[in-house]
Each structure stands twice: as C-alpha cells, then as structure tokens.
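The structure that follows is given in the form of structure tokens.
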Amino acid sequence: MSYFSRRKFLGKTGALLSAMVAAGFITSTAMAADYPTAEVNTTGLAVTDDTVTVGILHSLTGTMAISETGAQEAEKLAIKQINESGGILGRQIKIIQEDGASDWPTFAEKSRKLLRNDKVAAVFGCWTSASRKAVLPIFEQENGILYYPTFYEGLEQSKNVIYTGQEATQQILAGLDWVAEEKGAKTYFLIGSDYIWPRTSMKIARIHIEKVLGGQVVGEEYKPLGDTQFGSIINRIRLRKPDVIFAAVVGGSNVAWFKQLNAAGITSKNQTLLTLSVTEDEVLGIGGENLEGFYSVMKYFQSLDNPNNVEFVKAFKEMHGADSVIGDVTQAAYLGPWLWKAAVEKAGSFDIDKIVEVSRTGEIELDTAPEGYVKLHPNHHLWSKTRIGQWNRDGQATVVFESDLIEPNPFPEGYQ
Amino acid sequence: MGDFSLQELTSILAMQGFVGISLFSVLLLMALGLAIIFGQMGVINMAHGEFMAMGAYTTYLLSVMTQTYFPELMNYYFLIAIVASFIVAGSFGYLTEYVLIRHLYKRPLDTLLATWGLSLIMQQSFRSFFGAREVSPTLPDWLMGSWMPTDSIFIPINGMFVLGLTGFVTLGVFLLMYRSAWGLNVRATTQNRVMSGAVGINTKRVDRLTFALGCGIAGIAGAAFTTIASTGPTSGSLYIVDTFMVVVFGGAASLFGTIASAFTIAQAQSILEFFISSSMAKVLTLLTLIIILMIRPEGLFSSKVRK
Amino acid sequence: MNFVYERFLGGKNGALAIAILAILILVIFPLFLDAFRLNLVGKYLTFAFAAVSLVLLWGYGGILSLGQGVFFGLGGYAMAMFLKLEASDPESTKIQTTPGIPDFMDWNQLYELPWFWIPFESFTFTLLAIILVPSIFAFIIGYSMFKRRVGGVYFAIITQVIAVILTVLIVGQQGYTGGINGITDLKTLNGWDIRTDSAKLALYFINALLLLGVIMLSKFILTSKFGQLLLAMKDKEDRVRFSGYDVSNFKIFVFCVSAVIAAIGGAMFTLQVGFMSPSFVGIVPSIEMVIFAAVGGRMSLIGVVYGTLLVNFGKTGFSETFPELWLFLMGGLFIAVVMFFPNGLAGIWNKYAPKVPFLRPLVNSSTNAETKSAPAKIESESTIEPESTTEGAKS
Amino acid sequence: MTTTTDFLLAIEDLTVSFDGFKAVDSLTMYIDKNELRVVIGPNGAGKTTLLDLICGKTKSSSGSISFKNKEMTKMAEHEIVRAGIGRKFQTPSIYENLTVYQNLEVSYPEGRGVFGSLFFQTTDEVIKRVNEVAKEIQLENFLDTEAAILSHGQKQWLEIGMLLMQDPELLMLDEPVAGMSAKERDETAELLNRICENRSVIVIEHDMEFVKKIARKVTVLHQGKILAEGTMEKVQADEKVIEVYLGH
C-alpha cells in the first residue's frame, strides 16, 4: 500500500519468482516442449521458450491510484499463483508494469508502448471508462487483448477486450428488483457523480423502475466529480421522502456524501439506501460507522463464505498485508489472468485471434473464482451472480441476497 | 410532490439555510489562511490545499494512535488533533517560508509556480507514506448525528462544529491582527515594508510567522474537514480553486472582505444548487464572480484607496 | 529576403538555432526513433506549441496564464468534433437508436445533432474555428481584463478559474461534449486513415513544420517594435502608457496570438493521438505547460521546445521505471528552476556553453536573442494590481 | 463647459478626493504657450496629484482640464500623451534592460498601434532623431549602454530624452534633479532652459536653488489649493508662503 511496503513486496516477489523459476525449470521445459514457441506464437508476441510477458496498466499515481491499487495487487497475486502452479503452456509469466497516472492520454501512450514495443501477450488494466475508451482504439489497431476489471456502463463490446466486471444491467436490475420486493419500495431518489457511468446506470435504473417495477423516480441528481458539498441534495431528499436512495457517487465525493448523510440524521434506521459504488476499498475512506446498515449491490464481497474465497482472501493478505481489503473490482481483476490462462490453454496458443476465437465459444469457465463459478459469454462479458451486502461497522458486508447467474447484456434492448 | 405541510417546508428552508452557512464556514476556514498570506505578501500559496491535507492526516494519525494506546480518550482526542494540526502545518509552513518563499518575494508569479511544485511533492509524500487510498479518522461520538430543535429540523453536529471552529479561528485572527502588538507589526509591514524595517520591525520574522500562521490555519481546516469530507493525498486540491476565488473576490488584505466574500459565494452556490444541477450551479457561480471581478477588479469588498 | 532572414529567423545566430532544431526534429528523430517513440515525440511537440505561446505571453509579456489548456483544448475539441462527425457515419453507427450522430450523444438520449455541431461537418469551417474560436475567446477575456488593468496574480487565478469552468462544463454536458471520456475513437480525416503508421509519420512532419513556422512567426513578433514594447511594459508599464501607447491593446493582442498558437497545438494533438479529453483543459495540464516553458527558459522560443521535450521524456522514462519518484522529481525540478534557473535551460546554456570552446559559436543563438537587447533579466513582474492594492499616497 | 482660451493648458475648478480627503481642491491654473512654470509646495500639497490629474493617471472628481481647448479629463492616458502632453515621473522610469538607443527608439511616436509596431521599420529619420535627442541629453556616447548601468542623473536625463522623442507641446517634470550632483543640477537647468524654448514645461521641485535657476513664474500649492503665484521674488516675499513653506 505505502511506498515502502510496495518496494519491499516487489523485492520479495522478485526473489520468489526467480526461486520458483529455478525450481520449476524442469517441469516447465518439459511442458513448454509440447508447445514450441513457433507454434504458440505466430504473431511475434513476447513469448520465449520459457517465459511469456504480460502488461499491467493501472494508475499508481494521481487521483485514481486510490481505486486502482487493489486491482493491480490482485493481478499480481493471480500471476504469482499461476507461475507457482507451473505457468502457462509451460512458460513463466513476466510482468511489465506501467503507470497510467490517472491520465487518459497516458493510458493510451502506455498501452501503445506495451503492445507495440514490449509486444506483451495480454494486458490487465484500466479502471475508469475514460481510460478504457482512450486505450480501446489502440488495442483494436494493434490487435492486443485487454482484461478490464471494473463494473461499468456497458454499451461496448470490443473483440479486443474481455470485461471481467459486471456491465450495468447485471448489477442494477437485480438490485432494484430486490429492493422493490424486500423493502416494498415505490419511490426512488437517484444520485450520482456527473459522468458517463452513473448517468448510464441511472438511465437504466429509471427505465426499470418506471416501466418494470411500476415505481416512481422522485429525484435524479448529479454532482461534479470531486464536489464535497451535499447539503442541498440531502435537503431535497428530505423534501421528496423517497423509499430508497439509489446512489452512484465516486471518489472523494463519495466520502463526503456518506459522512454528511449520516450527520444530517439520515441513517439506515430511517432510510433505505442502495449504492452501486461502495466496495470494501471505499469503506476505508468513508468509515464503517457512516455506512452501517446501508446496502451495496456488487457481484463480490470479501465476506463471501465459500472455499475459493477463503483461500483467495488468505493468499491476498499474505501477499499484501493483513489489513488489506478486497473489493469487487479487486476480485474481478484477479479473474483476469486466470481467464486468460484458461483461454490460452484452450486455444493452445498465445495468438490474440485464437484467444478471441475460443473466448467467443462461450466455453471459457472458471470453477475456482472467489465469487463462485463464472463463465465467459460470447459477448466477452462474464456470467455472474449479483449480491446485496449490508455494511457493518467493521467495514465488512453481510450478504443478504444472492441472485442466480445473470447473463451479461451490454446493449440492453429497451433500456437505451 | 406537493403533499407536504407548511411546517415541513419551513424546516427544509431552515435546513437549506444552514447548508449555505455550513458551506460558508468551510470556505472561510480555508480562505482565512490564504488571505492572510496573500494580504501580507501578495503571495498565492498553491500548496495551501496540501497544508490542509497535512492537518487532516495529522488528525488521522492521532485518531489511530489514540485508538491503539488510549482508547478511553477517544472522546477528547479530536480537540488535541486540532491543536496538533495547527502546530504541524504551521511548523512546516515556517520551514517552507525559510527554505522557499523568502527567496521569491520580489517575484509573486514565481512563488505561485514554486508552491505548485511544492504541492506536487507534498501530494506524492502523502501517497507514499499513507497510501493512495483514502483514510478516515474515527470520529468521537459527540461529533456524529444531528441536533433536532424541532421534530423535522436536523442540523448536523459536525456542520455546527465546523461553524463554531471557524468563528473561533476568525475571532482569533481578528484579535491577533487588530488587537495585538504583533498584528500591528504585520499590518505596518503590509502598509510599508521599508518604513517598518526602518522603525525596527523585523519584517523577515513577521513574514515567516505570517506564512506559518496561514499554513497553520489551513491545518486546522484540514482537521475540521475530516468530519465532513474525505482525507486522501489529493483532498486538498478539491477546495483550492474555490478558496482562491474567495480571496480574490474579497479583495486583498481585508478580513471583512474575506468573510463577506465567503458568505456571498456560499449563499449563491447553495441557493442555485437547490434549483439547478450542481455542475451548472458551480459554472454559474464562478462565471458571475469573474464577471463581477471584471467590473470591479479590486474585489467586491475593498474600499477605494487613493493611489 | 534579408528582411525575412533578420526578422523571422532572428539573424545569423537565430537562424543557426532554428536550423539545429529543425535538423533534430525533421531529420534526427525520424531517422533514429521507432514509430511509437516518434509518435510520442509528435505528441510532445504539440505541447511545445503551448510552451511557445507562453514565451510570448509570459516570458515577454509578463502575463502568466494558468489557463493555456483552455485554448489547447478549444483547438483540440474543434478538430475532434470534425473527426468525430466523420467517424459517425450512419453505416458504422447503425446499432444506435439514432444512427449518424456521435455515439456518446446516442447514449445521452440526444436524437439529433446539436446546432453547434453542424458547422463542424465542414473541414474549412473547422480549420477556421481552430483559429477564430480561441482568438475570439481570448479577445473577450483579454479585453475585459486588460482594459480594467487586471494583471499579475489576479490574472493567473482568473484564467485558472476559467479553466475550471470549462472543465466542469465539458464534463457536465456530456451529451454535447462527450463528458469526461472526451471525444474518442477518431478514425479518418477526409477519408485518410489517421491511425496508420504512414499517416502518423506524415502528421508528425506536418506538426514539426507547423511548430517551426509558429516559432518563426513568434520570432517576427518579438524582433519587432512590438516585442520591445512587451519587454518595456513588463519593466515599466506606466512609462509605456505615458509614452502614448495603449498598453491594453498590446496585451490583448499577445494574449490572442498565444491562444491561437496553443489551439494549433491542440488540433495537432487530436490528429496525432486520436482523441481529445477534458483532461487537457483543466488546471493541471495548464500548469504543466507553464512548467515546460519555465524549464526550457521562458525567454527563449527555441529553449522551450527543448524544455518540453526534456520534461516529457523525463515523465515517460521515469514513469516506466519509478512511477512514484516522478512527481517528486517534477515538483523538485519546478522549484529548482524557479529558484535557481529562472531562465531555464536557455539560461544554463547561456551561462556555461561559452566555457566550452567548440560550443562558443553557438551561444546567443539558441538563447534569448529574440530582441536585439541584451538578455533580459527576469525582473519583478509588472504586477498591475488593481488600484486599491497600491497603498500610500504621493502628493 | 470649458471656456475657449488662448492658454495652452487651462485647469479650472479641479477637485479630486480620496475617501473625502481633497488632495486637489477647486484648483484653477493656466499655462501659456512656451511658458516654464515651477510648482512648489510642502509635502502633501498635491503637486504630484496635480500632474497625475493632467496626464490622466488619476481621474478628477470634478472640474476641467483643457489642453489646446480640448477637454482632457475623460481621455485615456495614451490619448492625452498623443495630444501632446509628456510626463516624467519622480523616480527615473526607464526600461532598465534595454539600451539607451532602444529606450529612445521605443519612444519614437510612430508605430504606436499594435500592427503599426509589428511592421515598424527603423528608418534613417528615426536614427537621426535618436541621435539628436541623445546629443541634447548628453548621452550620445552611451547609445549602446544598457540603461540599468547609467548613473542616477543620466537616467533622469534619459527619461527626459524619451519624452523629447515625442516632441510634446507640454512637458511635465516631477522633481527632475532629485538625487543629482551639483554639476548634474547645473547641466539639467541648462537643459531645461534649452528645451522650453519651443514648448511649455511644468516642473515640480523642492530644491530652491535649482528653482531659482530656472524659474520665471512659480505656483505655490498648499493643501490642494493655490497659495500664491507669481515671480520667484514675489512668492518668496509672500507672508503665507513663508509661514507654511519657506520659513520655519
């Protein structure tokens, strides 16, 4: 997390990696021999007889570093575990990490560097939609593959991107259905930060509330990113008295929003609140006492009680410190390298086109995901369950609802 | 809509009024330090937000330490944290003046740039030492929740606390600047630096202490804002532009101007915000300010002084 | 010809400096850098436009604008709007509710092209807009500020606030502007695919030539009486005024010119990078542009190009290896330049190059020889504070 | 409202107040063509403010200033200069980082507009004029010297030279010999006597010895009002003047 501990960690894994390569040398060459480099890599990617190079591209500096830290930690954990278990097609994975610096053009520049100069076989990275939009043309032009971990607004489906987080309908619809049914909600107040993801999410939510649930939207508000004054909006909420506040506020604003909500006397005792934008990462900044009793809708919570997750949490804490927390995106980022491994092994090749081809079959699946079984849909998104967690004072959530596997639908008919 | 009673409407009105006052106190607390420095030396401190964040992190550290070593004192640590924030940010400000600012007095625009460089370094230091994620000091229970003068009026306690603290700090600054011997020195130096030096005022020391005082107040603001907003490496930069506007709009070297300016901006923003979207409210407020400044470049509240 | 030689190139020394820069960016970079790095340099050179604009405005005019990103952005957005319309033909947007409009409009429930987008279907209009929109905007700001004698720190802050307003507006009105994502996925320019390597190479050369052209134009301005008056104003504004010059007109003009120069950079940025976003409009990019100029030497048209290249190479290089250290270095560099080398690289070159025998012929050439004057000192800025801040009365 | 006069400059009923304090109070004063007028008065009498008002640096509260029968009070500073009024400041106000030559050239009254200045060419006529003026102010051997390193007296002369470049009909000098050596004072007095031959000059001065050398008509200001006016001898004999200024 901090500068020093990260350095320590880098040193540690460095040593670990070399030790592992040495130890695993015989098995990996034996396996790699079954997959000659010339055959598994026909497009000149950075694949040698015993290594394959991938890129990690997240913001380590700037405002987004807050959110992206967990994602890149999870990706490194997954890669380390894959390497420990013999690598991929008998090859150890090497990482080139680049800093997007919370700046979209920098993301574009770095992704071009990774694809063009470093010839990486895959890239795990990006967090905001803006950064993804900035790199997308480059991935399509250079024919690279990006594993993108964040839950996002949908309306996109690129051959060169695998979306390991949920698209908007997966996350939103199940949550709204639950709150309508369980809480008997009729009136909704929508609030978000002013950019594409909250706006698209709220658009979908409004249509669902009005057309499907027969409820009423009594307010829809957007705050500029970084704004920290929520008093006026809180008063408007009081005026409209919604059954449910449906929130998608992000970043520093998010902290101010919950602190001021709590101080204004709006707590879970008198108000139902469902948010799309609070994971365990955010709770650290907001403080559990300000969130207690409110609900988040996510596909993953750190408290999930299944063997995969218990092991994942343990491994993550071993690698990144006992007090680290794991949020939805962190888990989705962790899936990236594993999904890539599954695709490469199924294709028997590192070639992007072949990976895309097998990804399109809808047969790439993971039994070992911390969130439970997931399967890649031909539209490059994941089938996943949606869960509702109620926050406790200690910053962990109690899962109060879990849906069936939901089909990803990035271009939802009737919701556009 | 439409189905609420007169009493509810009055309550909302009262609470909305408090929103404006609360924003006013936030703006004023941030602007005070900046205004003192700007009024005294014509220097705009671009790292002001980072001095604020320094206060916020000091509060966070104290909260963690108290929780670990003296959990029974959790109710009181916050008061100590405010003082500590003042001292930490103030000392660092003192150091900054000594190392950086004093070499640049004749070049105000360069000071602006140098303090920007400083703010980059400070932000990255926060990130390196505290991590990129936001932190949240545990607040004492008495700062949570709201005060209810009637059944339907909720006044946030943290908002009142910030308001009270702002009043206290403003009063302190007033007494210091206008009722103390030291304040007389400061004002004399502002009026005529050469003459003040000639009559035996140590103008360098006055500058250094003024800068430290301004930064220290930013530290207090940081401590106070942990109750209402986030603490992260870049938290300070969220406030900085609004704060500049308060200072510029209020006119230099006038405590009253700063107060009046903060009040006007806060009321305009919060009233507009109630009717139109926040983004547009912000755009409109800033735009109006710029237009007024074009008409009255000396700031709205400074009196005409002969040249 | 002699006129051109003296005024646009700045005489023998100036011509030599421009020639060296031209060889570097037109010959050496294209020969020795791979396509990716060359494209990066192309991007950096678009920032150099902004840095050059700051030499005129800040170095000579003494007017610090912390909102140069506004103009960079206006130019960039104008170009992006044209390219986006070309990329949004009905065929490639047929999955949208309303085919034929940019994708982000469709996502934001717009069903037809907003009126202010329509003229951007014309390339000629777009080129005109890149020049005219920033200059009109700068004229309005400049007129209302400089006629009221707002300057110094006040002007810096007001330009900064304008940058904030524009950013909030772009982000908040995403149906019309693409919001925080910006305008992305730009493909062709009048049918020419700008994403290919050959197109990028061609754009690189166009950009480099434009930059050299802008530098020569700036040189012309600075070697004229106008340039001398700028320096004179920075030193003793009242003297210039009481010599019969309308000082504000000069400031407005130099502000407009600097706006146009930055806007050209922005337009070239969009073409080479393939998108435009509000992250170039706000405070941070605007101040970074000032950093480029400060590091290169605020008084040197050529120096700031090297400054821009150096800072950006540093940024890219360092962030590949030590991302955390970069901000420390950048902040430290900035403080160091302001405190110890107010004339930046150009100043250092001026000071130390004469001590190296074979560099001696080059000295003065790549430095601030824009006017015939001796190297101008960085004086205390002519802060034209509003009247009230000047205390004391003389009688 | 202004009456038509033969005077070059007619100041009538001029008042300016700052927050109620009247720095110049209902002042009326006339300057003839080719007149050299010296204005004296104790500190705070309103002397510099008067010059500020004439050249437009300060705007009057009421009253009129008419130059060649043209009202000046509403005009911008540069327009007043172009009408033919030149003003020298109390402390030498020259461009320190330009050479003497450039200081003078920049003051040449052509290419005064934005575009005019962009395409301004240094013609032989300009060079001739610069050399003439440089000779007049005894700086002909310093043309390539950076102005910053001139002596204080030379800076004062340079500023006068910059004004002469524009050939103004009215020249206003605010304490032109302040800080000069005795020799420089004498030379300045000669310079003033030379240049006032075909223009009017207003001089503000404290140094009575110097005033005696140049003065033909003296105006004494006190508290923003005219206390006395006339020849040096007459003024020196005036009781009120002795009381507030000359006496002690």
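First chain written, first letter: the chains are A, B, C and D, and each begins at residue 1.
Throughout what follows, a residue touches a chain if its C-beta (ideal position, glycine included) is under 8 Å from a C-beta of that chain, and two chains touch if they have at least 3 such contacts.
If you want to know which protein each chain is, UniProt gives these names: A = Aliphatic amidase expression-regulating protein; C = Leucine/isoleucine/valine transporter permease subunit; D = Lipopolysaccharide export system ATP-binding protein LptB.
Computed from a predicted structure; not experimentally measured.
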Path length in steps (a step moves to a chain that is touched) from chain A to chain C: 1
Innermost chain, where centres are averages of C-alpha coordinates: C
Centroid comparison with chain C (C-alpha atoms), farthest chain: D
Mean-CA-position distance for chain B and chain A (Å): 36
Chain centre separation (chain B, chain C; CA means) in Å: 33
Rounded Å distance, chain B centre to chain D centre (Cα mean): 48
Euclidean distance of C-alpha centroids - chain A vs chain D, Å: 75
Chain A residues counted as touching two or more neighbouring chains: 3, 60-61, 194, 222, 224
Per-residue overlap in chain C, given as positions that touch at least 2 other chains: 168, 171-172, 324, 327, 393
Where chain B touches two or more other chains at once, by residue number: 124, 127-128, 277, 279, 282, 303-307
Touching residues on chain B, where the partner in the complex is chain C: 38, 42, 44, 100, 103-104, 106-110, 112-114, 116-121, 123-125, 127-128, 190-192, 241, 244-245, 248, 251-253, 277, 279-280, 282-283, 286-287, 289-290, 293-295, 297-299, 302-307
Complex contact set, residues of chain B against chain A: 1, 4, 8, 12, 15-16, 18-19, 22-23, 26, 124, 127-136, 138-139, 144-146, 148, 154, 156-159, 227-235, 238-239, 269-270, 273-274, 277-279, 282
Chain A - residues contacting chain C, complex: 3, 60-61, 98-99, 101, 103-106, 108-109, 112-113, 116-117, 128-130, 133-134, 136-137, 141, 153, 155, 194-196, 199-200, 203, 222, 224-225, 411, 416
Of chain C, residues touching chain B in the complex: 64, 66, 144-145, 148-150, 152-154, 156-158, 160-162, 164-165, 168-169, 171-173, 283, 287, 290-291, 294, 324, 327-328, 330-335, 338-339, 342, 378, 380-381, 383, 385-393
Of all residues in chain C, those that touch chain D in their complex: 220-221, 224-226, 228-229, 231-232, 235-236, 238-247, 249-250, 253, 372-374, 376-377, 379, 393-395
